[in-house]
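You will see chain A twice below: alongside chain B first, and alongside chain C after that.
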Partner chain A sequence: MSEFLQHLINMLVLGGTYALLGIGLTLIFGIMNVVNFTHGVLYTFGAYIMFIVVQQLGLNFFLALPVAVLAGWLLGAAIELTLLRPLRGSDIDTTMLVMIGAWIAMQSGALWIWGGVAKSVTTPFPEAPLVLGPVSVSWLRLFVLAAAAMLILVTYLLINRTSLGRAMRATFQDHDTASLMGVNVDMIYTSTFAIGSSLAAAAGALLGPVYVIFPQMGDLAAVKAFAIVILGGLGNITGAVVGGFILALAEELGAGYVSSGYRDAMGFLIIIAVLIFRPTGLFARAERVG
Partner chain B sequence: MKAIITIIAVAALASVPLWLRDPYLLNALITTGIFVIGAMSLNLLLGFTGQLSLGHIAFFGIGAYVSALTSLGFDIGLPGGLRLVHTPWPPIAGFVLAIVIAGLCGYFVGLLSFRVRGAYFVIVTISFAEVVRLVALNWVELTQGPLALTNIPSIALPLPGLSELTLRTKMQNYYLVLVVALIAYLLIARLVHSHFGRAMRGLMENETLAVSVGIDVTRTLTIAAVISAAIAGAAGSLYAHYIRIIDPEVFAFINTVTMVIMVISGGKGSLAGPVVGGLIFGLLPVALRPVMAPEAQWIAYGGVLIAILFVLPRGIVPSLAQRFGRRRSRATALASVTLAETAAKEPA
Partner chain C sequence: MTRALGLVRTLALATALFGSAAGAQTIKIGVNEPLTGAFAASGTYVVNGAKIAADEINAKGGILGKKIELVIEDNKSNPTEAAAVAEKLITSDKVPVLMGAWGSSLTLAVMPKLMEYETPMVVETSSSGKITTTGNPFIFRISPPSAVEAAAFKGIVDKLALKKVDFLVINNDWGRGTAEDFSKMMKDKGISIGLVETMDQGAQDMSAQLSKIKSSDSETVIVTTAVDQLTLIFKQAAALGLKKRIITTGGSQNPDQIIAQAGAAANGTMHLTTFLPWFPDKTPNPEATNYFITEWKKRGFEFAGCTESFRGYDGIRTAAAAIEKAGKAEPAAIKAALWNINIKGLNGDIVFRKSGPEGKESGQSQPNVYLIEINGGKVEMKTL
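Then we have the complex of A and B:
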């Protein structure tokens, strides 16, 4: 039983960052209809920003997170302006392949700049974990969970309580009509991609110090994000949050009770199962942004 | 005209080992040739049915593992205390089994994944390939996991009335790959120009319309997937017996991407496209090796993929064909105008 409780605690921490990844991708996928293969690279990028700010510049750990969010926002906007805006109106396969090209180039760039050796980040948290009865959790992981929850809340408010969010939801429903109502659709696309990218970078900056940082760390993260989006339904933020926690639970239980080698297979198996049995996602009726 | 170009190209490719003595270049050509076969099989799905399968490397890898395990033998435990023991068979049997089993996998994957389209189809196929990779990595008793299957025997051809010919040298393997590639090319060409090929292209252009004129979409797509997977399995088998060592990295996503780049750059939906694109992208690393670090090469690789999609979205072969086709049609038009003028001038 205590083992099960421990898995639940780990699930909460993991699920929070997965939810961030999933929200970012579901916004981009839902509003722009772009299968964003650079999402994993943005995750890696966020983790390296954390490494640069904390290890190389020697600045405060808590400062690194907003820096990573801002850097992710800028890189996302740059990708959208240079690669996606000129391809507006081309078919989904073309943009997908362009995103794959960008992913390969950027990941190899990370390998070129930082090398293949895994990096770690020293954190200001005490080594000794917080022990609560039969389970223990490190202070770093608690911080990750709290920060992820805060970012999810901010995103939710941004989508549901601001005029930008309202324009994003309108564009998701019908971009032609939104455009007729005076929404600057080009600007909405750039903002969407930038916000989604900054969330991926935040997830990387949060999970990077928990594990280690290396150039290919984003590959699995990207696939997991796709699994979460499919699970929660396209463009559904609540679905992405729930999907993130379901994936984390499946991974924890799979690693704990089946075999740790198949931990990363859970995301793929969920994708296959959902698309075969319930292709519109678990929460199909609520398929809209917000 | 087209037949003459094809014959000249085949003759040129067949003559390569006669004048090229550099083993490094010959090796690059053989592995490129194997990937070209894979790219041709991918083109059958991507170019002629319009389905972008990003899990294609799974069939290549399954072919490689089936062929390797058939010729190496294995001894694994099954649930219930049973043991499955397989004594080694000749590699040529492995080659045949690789084709059959990869084709069967193509059937089941097709059956499941053709229920969805577009982005979802792409993600299902990626997931399938990753699950297969994780099985190859974790089923250590069968596949040796990351330790790899080693000492895979070279392919031996049983010659009638003679002893077996084991293909050990690079030249022999080059001709083996060339022959298999030619067979695959002719098979795909025949298929595409048949009634079935028209059905495939019909549903690529407009699926609803294809259904309305009585094309069984799922059946057509599944047959295309089986043939495509079987050819990829054959390529995988060639790879296993040529490289002679196979590890789960064969399933890496980047290998699928390599095939996709070969098809897209050469021109999807064109028979010669994957061959042209494959030769360019297979040999590009060889050309870049002296001037660029490996990481920089991959950056260039991604950059070239983006550039091709921006500049030549239809691929090299269709763009060239269109350019020459236009010139020729303008020439014919001019000629007919001149003829008409001459006819008008001439007194009746």
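Then we have the complex of A and C:
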């Protein structure tokens, strides 16, 4: 029983970060319809910003987090302005190829600057874990869970309760009508991509100190983010959050009770099942056809 | 503009010609190591150790009157890349001998290429038994196979009063091979084997596996993986309140790095290593060990890397000794000469004995294995 409780705690901590990864991508992939291969690199970028600010500049850990989010926002905006804006209107394959190119170039850039050897970031949290009866969890992971929950809530409110969010939804539903209604469509494209990117950077900044930081760290994260978005339904924030927790649960219980060798396969088995039985994702609403 | 382009082209051509002309004045040794990916830290250490050996040899005048030149390629911790890199080194750079490829799965992927191009390779790190038992006569290994580690560990099993043991190993030829060889040895000793958990080489979160191990009824966990994943395991085990004795194998732990990154979580853990940089006087070749450590520090590398980098140093010295003995830089002659070398490695004499099926034996040297314990942030030696 205590083992099961520990697995549930692990799932909660892991799921929070998966959800954060998922919502950033669901904005870009789900709402903007851009197959964003740079999502993983932005995750890596956020982690390296933490490394620079905390380890190299010796500044405060909590100060470094907003710096990483802001840096992610700026890099995202730059990608949108230089790569995506000139390509708007071209077919999805062209955009996809350009994004793959950007991913490879940025990953090689990280390798060139920081080298292939993993870096780690020191945190202000105590080494001794929080022990609650039979289960225990590290303070750092609890902080990451709380920060992720806050970011998810902020994003949800931004999309559903603000005029910017309304303009975003309108733009990606019908680009021309939104434009006729006075929405600055160019600005909406840039901000949506920048917000999605800053969420990826935030996930990297939070998880980099938990794990280790290296140029390819974003690859597995990006694969999982795509899986979560497909699981939850494209463009659905609630779906991405629940999808994140489902993936974490599948991995934890799969590794705990089936076989640890297949840990990363568990999530994808679920996704295959979802694609067969509910191809639009678990939480997709019925869509109008035509 | 056209003229400028023409100039660039001439320059490029000149560099290419000059480059190949300069190449003929050196003897090349191919180095196939993971410099990116999951094993980047370890592979980089090995390459830095290899460079110390090359510089030392060249400072003394090189071999056969020529300088040696290391052609270093990154296999990206990926078996497919390791095989491709080996092919490139042999066919395009024309190296007569290779050193590599760090991981067992990487080395196993390179092995068919060695057969195809009949080029020998000094294996400096890999420990899977399969490497020297499948009948590849181009393999010359200076690192201990996991069965040798298990045999060396046998002596201390009673002293540690082991009763039941769990395994947490990297999910590749190295990890699974170690779990198999150690299980066999322990069953013979009457120790029961509990869980055998695996983790992907790129995995960063091992909490699920560790939670399972935490609730098992064993008192010891044998962990096999490289340093980056090990530090994560120590941190995550501490966060889960896992209080079992942890013993690591494979010699790629860099204990000082574990102390630095895992802090108090590293105390009480034991590690099977293949080098003793902390106690140069206790190594088989103290003078060479001291030289190597001094040179390593002089270059500004972290001391923690010594336990890994010495493999690169010994590997290149082995290849160079064979080229010298062969009298020419040709693969067949070097392969024959490798059987006849006897050099003082940092971890015992490097002499190859036959291993594997008759007629196509691989070479296997017999290095030492040590057990160390981390206590109060310091490394202590245990007698095996």
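The rule is simple: the second predicted complex is superposed on the first by the 284 of 290 C-alpha atoms of A that agree within 3 Å, B and C clash if a C-alpha of one lies under 4 Å from a C-alpha of the other, contacts with A are read in each partner's own complex, and residues count from 1 in each chain.
As a working rule, a residue touches a chain if its C-beta (ideal position, glycine included) is under 8 Å from a C-beta of that chain, and two chains touch if they have at least 3 such contacts.
As the structure is a prediction and not an experimental result, all values here were calculated from the model.
Q: Under the stated touch criterion, which partner chain does A:100 make contact with: chain B (first), chain C (second), both, or neither?
A: In the superposed model, A:100 contacts chain B only, not chain C.
Q: Would you check which partner chain A:7 touches, where first means chain B only, second means chain C only, and both and neither mean what they say?
A: After superposition on chain A, A:7 lies in contact with chain C alone.
Q: By the touch definition at the top of the document, which applies to A:268: first (chain B), second (chain C), both, or neither?
A: first
Q: Quick one: classify A:163 as touching chain B (first), chain C (second), both or neither.
A: Neither partner.
Q: Mind working out whether A:111 is in touch with chain B, chain C, both or neither, as first, second, both or neither?
A: both
Q: Can you list the residues of chain A that touch chain B in one structure and chain C in the other?
A: 111, 261, 264
Q: Show me the residue ranges of chain B that touch chain A in the complex, using the header's touch definition.
A: Residues in contact with chain A: 52, 112-113, 115-116, 118-120, 122-124, 126-128, 130-131, 134, 137-138, 253-254, 257, 260, 264, 293, 295-299, 301-306, 309-310, 313.
Q: What residues of chain C sit close enough to touch chain A in their complex?
A: Going by the criterion above, the answer is residues 35-37, 40-41, 44, 74, 171, 197-200, 202-205, 207-209, 211-212, 214-215, 228, 231-232, 235, 238-241, 261, 263-265.
Q: Could you list, by residue number, the parts of chain A that touch chain C in their complex?
A: Listed in rising order, the residues are 2-3, 6-7, 10, 13-14, 111, 115-118, 120, 127-129, 131, 136-138, 141, 211-212, 214-217, 220, 251-252, 254-256, 260-261, 263-264.
Q: What does chain A use to touch chain B in their complex?
A: 29, 35, 83, 86-87, 90, 92-94, 96-98, 100-109, 111-112, 219, 223, 226-227, 230, 259, 261-262, 264-265, 267-269, 271-272, 275-276, 279
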